Amino acid sequence: MPRPPTLSDAEVAQRLQALPGWTVAGGRLHRDVQFRDFSEAFGFMARVALLAEKMDHHPDWSNVYNRVTFELMTHDAGGLTTLDFDLAGKISALIR
Amino acid sequence: MPRPPTLSDAEVAQRLQALPGWTVAGGRLHRDVQFRDFSEAFGFMARVALLAEKMDHHPDWSNVYNRVTFELMTHDAGGLTTLDFDLAGKISALIR
Amino acid sequence: MPRPPTLSDAEVAQRLQALPGWTVAGGRLHRDVQFRDFSEAFGFMARVALLAEKMDHHPDWSNVYNRVTFELMTHDAGGLTTLDFDLAGKISALIR
Amino acid sequence: MPRPPTLSDAEVAQRLQALPGWTVAGGRLHRDVQFRDFSEAFGFMARVALLAEKMDHHPDWSNVYNRVTFELMTHDAGGLTTLDFDLAGKISALIR
């Protein structure tokens, strides 16, 4: 699947406004989500896995107990693309 | 791990009163749970898997899209035991 | 997404020949898979969940400890379609 | 659950010899595991989640597509304990 081109700084700034909870740092789209415990965190991770596989766009993410951290970028494009903002939006929709 | 003995009909009836949403049929503890979609159902299933593995007591369960059905029993004991009621209570706690 | 039409008995019989391990009974595509333990069974279930969500075609399936049972059909079409055979083939590819 | 004390450098070095594939860096027990694709990586992650929850000791881990990276430590103890080596051993047993 051809990857979309990287977004300009202005486009990134504009799209970020529609994504409360996310920031951009080091060329990555970042969010830290906290849950009650590991079970709740992993139930969420299973849902993120499903939507990432469906999009064929997968997150850079890490987990420590009840915390899940995202550092999204499009590796094939070498930066942030619309795919990362789509994925971030779908991840946000899973967080109550 | 030694399994607890099967419960009498009176004990089953009493414990069932503390478990809204569950019924007993054919010697099984039954509940049908519906979600919005497959993603929500599978996120729930991942959490049930974690607690079942932790208890070392696993459900008889099935899934069709947004629906998850439980038919709990203790195979080693040949009937319903306190383990099934413990598992059912923990499953219920995951359902909002 | 429009669903494909149901397959004729002759088409079902022909496609079944390419699917070792699967049988047709009661209008369903059936397979029973056994694993060493619950962990191995659930790791497999997580992978089936990913591919089903990606196909937007989900299995009727059940699990008891180390066993996972499939009873595939296309609910929207009221019978077996090419989707069920595609899903069955992808599930088989996950079984070593 | 009371956590075990941190291990001495000599104990860490000795235990590490029994754990091929793992290294210690920055006071963490590190391993990088690569799979064929995201599906295989996530199936593995689901199994790691089950055993971590069962042990009540959870990994610091990250995932990018087909790669899963572990950085184990015991947060409550502020360093490496026998729990980390137990978890690492169980993770290794899941990798074919």
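Letters A, B, C and D mark the chains in the order given here, with residues in each chain numbered from 1 onward.
In this text, a residue touches a chain if its C-beta (ideal position, glycine included) is under 8 Å from a C-beta of that chain, and two chains touch if they have at least 3 such contacts.
From a predicted model like this one, the values you see are computed outputs, not experimental measurements.
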| item | value |
| --- | --- |
| Which of A-D and A-B has more C-beta pairs touching across its chains | A-D |
| Inter-chain centre distance, chain A versus chain B - centres from mean C-alpha coordinates, in Å | 34 |
| Centre distance in Å when chain B and chain D are each reduced to the mean of their C-alpha atoms | 31 |
| Euclidean distance of C-alpha centroids - chain A vs chain D, Å | 25 |
| Of all residues in chain C, the ones touching two or more other chains | 38-39, 42, 45-46, 49-51, 53 |
| Chain contact graph, described as a line, ring, star, complete graph or other shape | complete |
| Partner chain C, residues of chain D touching it in the complex | 38-40, 42-47, 50-51, 94 |
| List of chain B residues in touch with chain D within their complex | 46, 49-51, 53-54 |
| Residues of chain C defined as touching chain B within the complex | 38-39, 42, 45-46, 49, 52-53, 58-65, 75 |
